[in-house]
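Shared between the two complexes below is chain A, which pairs with chain B and chain C, respectively.
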Partner chain A sequence: MKRVYVNEERCLGCHLCEYWCAYANSGEKDIMTAFKLGKDATPRINVEDDGDVHFAVQCRHCDDTPCVKACITGALSCNDGVVEINRDKCVGCYTCVLTCPYGCIVIDKKNGGKTVTKCELCTDNSNGEPVCVRECINGAIVFEER
Partner chain B sequence: MSVNYIPAVFEVLRDTDRCIKCRACERQCANEVHYFDEDFDKMQVIEAQCVDCQRCVTICPTSALKIRKNQNEFREGANYPQKLIIENYLQAQTGAVLLSSMGNPVDLPVYWDKILINASQVTNPSIDPLREPMETKVYLGKKSLDIKRGDDGEIIPDTEYPQLELDVPIMFSAMSYGSISYNAHESLARAATQLGTFYNTGEGGLHKDFYKYGPNTIVQVASGRFGVSKQYLDQGAAIEIKMGQGAKPGIGGHLPGKKVNADVSQTRMIPMGTDAISPAPHHDIYSIEDLRQLIFSLKEATEYKKPVMVKIAAVHNVAAIASGIARSGADILVLDGFRGGTGAAPTRIRDNVGIPIELALAAVDQRLRDEHIRNEVSVVVAGSVRSSADCVKAFALGADACYIGTAALLAIGCHLCRSCHGAKCNWGIATQRADLVRRLNPDFAYKRLVNLVHAWDHEIKEMMGGMGINSIESLKGNRLMLRGVGLNDRELEILGIKHAGE
Partner chain C sequence: MNYVIIGNSAAAIGAIEGIRAYDKDGSVTLISDEKYFTYSRPLISYWLKNSVTDENMKYRDPDFYEKNNVTTMLGETVTAISANEKTVTTASGKTIAFDKLLCATGSKPFVPKTEGYEKVKNVFTFMKFDDAKAIKEVLTADSKVLIVGAGLIGLKAAEAVHEYTENITVIDLADRILSSILDEDAAKIMQTHISDKGVTFKLGTSVKVFSENSAELQNGETVDFDILIMAVGVRPNTELVSAAGGKVNRGIITDKTQLVDGLKDIYAAGDCTESIDITTGDSKILALLPNAFLQGEVAGKNMAGNLCYYVNAIPMNAIGFFGLHIITAGSYTGDTYVVTDGENYKKLITKDDKLVGFILMGDVDRAGIYTSLIKEHIALSECNFDLLKDKPLMAAFSKIRRNKKLAESH
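This part shows the complex of A and B:
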C-alpha cells in the first residue's frame, strides 16, 4: 500500500507541511483565512526537530493499528489500510492519543478539543493526494509503495 | 562603538494581512533576517542582514514578502554613487579588500546584445528542425589537417588526437567542490552524464563519490594543485589547466577555511579548516615553454589518451597568448570573459579587470586563422554565455563549444544575490553548511539542468534552421550570419562582422 514517508536527509524543518496540512483539512477558501480568522486549523503532520535533524511525522497507518484497538467507541477504523476517524462517534477520551506510538493522533483545536483528528492521506478532503507531499519544498515527503 | 555609516541595502516588505506567522522565512534564512516577536505577536526583520537571495520570498506560502532596494537615498551624484560611498565607508571601517561573488554586474557593454542573427528568406531555404535532421554534436580537440582514405575510398575516422565528444555543444564550467556544495556537484555530474556532455571539477579535486561520473568529468589542474593525483587525472575525460579565470584575471583563488570541512579537506588534500589559497601564477609556468612542459607532463601521465585544455582569462593581449597556447601542445583552449562568475573575488578586480568575451573570442579566432593554426586547438568560450542566442553568436564568432556556469547555477536555484563569499548560501549551492546543503535536492536539480540544456539545444537548432544551417560545424566561424547594431567601426572590425543593413 502507498504510504507517506519522509526522507530525513531531505527534510529541512521548515514546517510548511504543517501549515499546508492544516489548511487542506480546514475547508477554508485559502491558507490565510484558515489561519488568520481564528479558525484554529490543526495540522495532522508534525515536524520533529532536534538540532540539525528534522523529520515530518504523520499517521503511519500501522498494520497492527493500536489506536483502533484502543478506541472505546469504534470511531477509529482501518479501511483498505487507511486508518480513518468517524468524528460523530469520537467522544474525545484521547485514549488513542495515549496509545499511538508515533504521537500522530492530534487533538482537534477546531472544535475545542472535543474530538481528535488524524491524517487520512487527504482522502477526506478535496485534494485527492497528500498535500504535505505536494507542497514539500524539498521533495522530502513522498507518497509511495515501500 | 561609533556610528555605523552603512545603511541596509535592501528593504524587507511584509504584508501583515497575508502573513500567517508560519515562521518558514525565519527558519530558512541563514542570514537571520526574520524573527518572531512574541511581545508584538508578529514577524520582525533585521534588514541590514538581508542579501536579497529571495529564499523567503520564494517559499512564503502566502506570498506575503517582497524584497526591494532600500528606498533611503543618499544625496545624488553621478561621480560618487551611493554604492561607491558605502564601499568606502566599509573599507574605512574594516581596512580590508572588498569581496564579491558571481559575475561582474557593472553596466558595461554586453556585445551579445548588440549582435543580431540572420535568417533565410526566399532564395535560401530555412530548415525545420522538427522535420529534418539537425546536428548539435561537436568534437573538441586538435584536428588533423589531412583526410585519410582507405583502399575502398572511404574516409578513415581521424583518431590521431584524443577528442571530447559532446552530444550538446554546452558544458558546465569549472566550479570547485568547496566553492559549491556536494549536492551541487552531484547535480552537475548527473546532468552532464545524462546530457552526454561534461562538467568540470574546478580546482577542488574530485570527491571519490563522483568517480563514477568520470567519463563526463573534466578534471582541473590549477595553481594550487589541490586534489591533484594520478588517480584524479585518470578519472577525467580531459584535463584542464587553469591559467586564469575571467572573474579575477591575474590573481589566484582563496577558499575560506570555514568552507573547508572534513569532506572538502579530504578531496583537496589539505588540513581541515585551513584557507585554501591558490597562488596567482603557476609557480612552474613563466613562459609558453613552461606551459608546454606541464601539458606534456599531464599527457605523459595519462598516456596521451586525454585532451589537455588550457583556460585563460580574456585580457588585453588575448590573441597573442592564445596563439602561444595553440602552439604549446594544448588540445583545447578555453577563453573566460570578464563577466564570468566566481565564488569569491576582490570586487575591484572582478569589476575592472579583463575584457568582454565576445571581443576576445573574435580576436582569438581570427588570429588563429591568420596564423593557420586554428586546427591546432578547439576554442571553448566561457564568461557569461547567458542563453542559447549567446551560444549561437559564439559559434558564429568561431567558438567550438560553450561553457555555462552562472546559467547552470540559475537552473538549480541560484538567485544571483552575489553573496557566495559569505558561505551561507540559502539555496544550498555555495555553502558547505550541512543544513544548507540539504536544501539542494540533486534529484530535482539535475533534472532542471538537463531541462535547461535541452531547451537551449532546441533553440540552437531552431536558430540554425532559420539560417538554413543544419550543423554546428557549418555555423562555426560563419560571421556572415551576424550583424552588429549600434556598434562603431572599430568594434565591428574586431568582431569581424558587418553592421545591420550592410
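This part shows the complex of A and C:
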C-alpha cells in the first residue's frame, strides 16, 4: 500500500507542508480566511526542527493501529489502510494521543481541544492525494510503496 | 469452530475482530447480561452531561454484529461454565456449547459495608449505562450529591453531575484525589481546578454512618445529600472462571495467549484479568479500555488458531476533568524530572537508563512518544534526553531509529 515516507536529508524545514495541510483541511477557499481572519487552521502534519535536522511527521497509517484499538468511542477506524477519525464520535479524551508512538494525533486547538484531528492522506478533502507531498518543494515527503 | 463470548464491551469486541481476522466462517455467539448494543462504558459520564447521544454511545457501527456474523444473546446472564462438558448455562435455563470460550466479564463496583447504608434511598454506582440513566432520572438543579471516591470514576461522575447542580461533595479516604494515577503535586493542581468549579472535597476521611439523607464522617463533619454515588473502586468478575476451575488471584490468571491457567479452550480478557505490567514486572489488574481491547484481540486470534502473545501491558490513562487534561503511563518509582508552572505539570520518571513512567497535565501534546519510549524499552542514552525533557519529539531519537520509524516500510 502507498504510504507517506520522510526523506529527512531533503527537508529544508520550511514548514510549507504545515500551511498546505492546514489550508487544505480548513474547508476555506481563500488562504487569507484560513489563517489570517481568525480561523487559525490546524495542520495535521508537524515539522520538527533540531539544529540542522528537519523533518515532517504525520500519521503513518500503521498496520497495527494502536490509536484505533485504544479509542474509547469507536471514533477512530481503519478503512482500506487509511486511519480515519469520525469527529462526531470523538469526545476529546486523548487516549489516542497517549498511544500514538509518533505523536501524530493532533489536538484540534481550533475547537478548543474538544476533538482530535489527524492526517487522512487528503482522502477527506478535495485534493484526493496528500497535498503535503504535492507541495513539498524538495521531495522531503513522498507518497509511495516501500 | 464454535466460539462463545461472555461479555459485550471492549475485550469482547476485540475478540470478535481478532477471530474474524482469521476465521470468517466459524459461529460466534455473544452473551451479555446487558440488553444494549455494544457501548462504551467510559462514555456514560459524557452521556449524563448530554455531550454524547444515545446513538454515539455505540462502540461500533450499528451493523457490527451482522457484518461479523455474530449471534447475540443480550439480557442473558451466564450462571455457570462447565469446562468438562464445554458448555455455558444461563439464568433462563439455556445451555450453549462451545469449542472455544472467552470470558470477558469485566468488573463490578465495590461498595464497602457502612453502617446505615441500607437507609439511603437514592444510591447509585457509576459503571454501566443503566447507572447513568437511573441517576439522570432523579438529578435536578436542586440536587445535593455526595460522591464517595475521588478516583477516575468518582470524578467523572462529579463532572457529569456538575452539568445539573453545583452542590457536589466528594469524599475519599486518601489524602489526595486521583491517587491511583497522580502524585501529590499534580493532584493538588487538579483538585484546585475542580474545586474552582464549585465541587467540595473532603479528603483523608470516610463515612462513619449513613442516614437516609446525610453522612456522618470519621472526621466528625456531616454532609447532607439527596443523591449518593458510590465510586470507591471495582472488583473483577472472576466467579464463573473460578467455579470452572480456572486460576484466580485478584483477577483471572492467563498465559500470554490469554488462555486461563488451569483450563483448556477457555480464554479471558479485560478488566476481569491480570496482566504483567512491564514497567514493574508485577501481575496486576489493568482495568483500562485499550488494555481490554488488546487482550481481547489476542484472545480472539489465538481462539482462531493464530498463535500470538499479549506481552506489552503498562498502566496508562488519558482523562480530563472540566477541560484540564491528564495523560499518564507506567510506574513512578525512579529518578524524577519535574517541570510545572502551577497549571501545566510534567513529571518524567527514569530508571536504569529507561523512561518508566510519566505524568502530564495541561499540555499533553504528542504524549504517545513518551509512551513508545516505555513500551519499546528504548535506552535513554541512545536518545537526546534533554530534548525529551522539553517535550516529546521524534527528533530526540537516534537517526537510525528515526529512519526506521519514519522512512521504512511499515
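Here is the rule we go by: the second predicted complex is superposed on the first by the 146 of 146 C-alpha atoms of A that agree within 3 Å, B and C clash if a C-alpha of one lies under 4 Å from a C-alpha of the other, contacts with A are read in each partner's own complex, and residues count from 1 in each chain.
FYI, a contact is a pair of C-beta atoms (placed from the backbone, for glycine too) under 8 Å apart; a residue touches a chain by one contact, two chains touch by 3 or more.
The shown structure was predicted, so the numbers you read here are calculated from the model rather than taken from an experiment.
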(Q) Let's test your reading of the overlay: on chain A, do chain B and chain C clash or fit side by side? (A) fit
Q. Which partner does A:C93 reach: the first (chain B), the second (chain C), both, or neither?
A. second
(Q) Can you report the vertex angle at chain A, computed from the C-alpha centres of the three chains with chain B and chain C as the arms, to the nearest 10 degrees? (A) 150
Q: Using the superposition on chain A described above, determine whether A:R3 touches chain B (first), chain C (second), both, or neither.
A: second
Q: Go through the superposed model and pick first if A:C14 touches only chain B, second if only chain C, both, or neither.
A: first
Q. Between chain B (first) and chain C (second), which, if any, makes contact with A:F55: first, second, both or neither?
A. second
Q) In the superposed model, does chain B or chain C contact more residues of chain A? A) C
Q: Check whether A:I107 is in contact with chain B, with chain C, with both or with neither, and answer first, second, both or neither.
A: second
Q) Tell me, in angstrom, the smallest C-alpha to C-alpha distance between chain B and chain C in the overlaid model? A) 17
**Q.** Touching residues on chain A, where the partner in the complex is chain B
**A.** 9-10, 12-16, 18-20, 31-32, 34-36, 52, 135, 137-140
**Q.** chain B residues touching chain A - in the complex, by the definition given at the top
**A.** 17-18, 20-24, 27-28, 59, 61-62, 434-435, 438-439, 441, 443-444
(Q) For a test of understanding, state which residues of chain C touch chain A in their complex under the given definition. (A) 14, 40, 42-43, 46, 51-52, 56, 58-61, 289-290, 293-294, 297, 316-320, 323, 325, 327, 329, 364-369, 371-372, 375-376, 384, 387, 392-395, 399, 402-403, 405-410
Q. Mind pulling up the chain A residues that touch chain C in the complex?
A. 3, 5-8, 46, 48-50, 53, 55, 57, 60, 62-63, 66, 69-70, 72-74, 88-89, 91-103, 105, 107, 112-113, 146
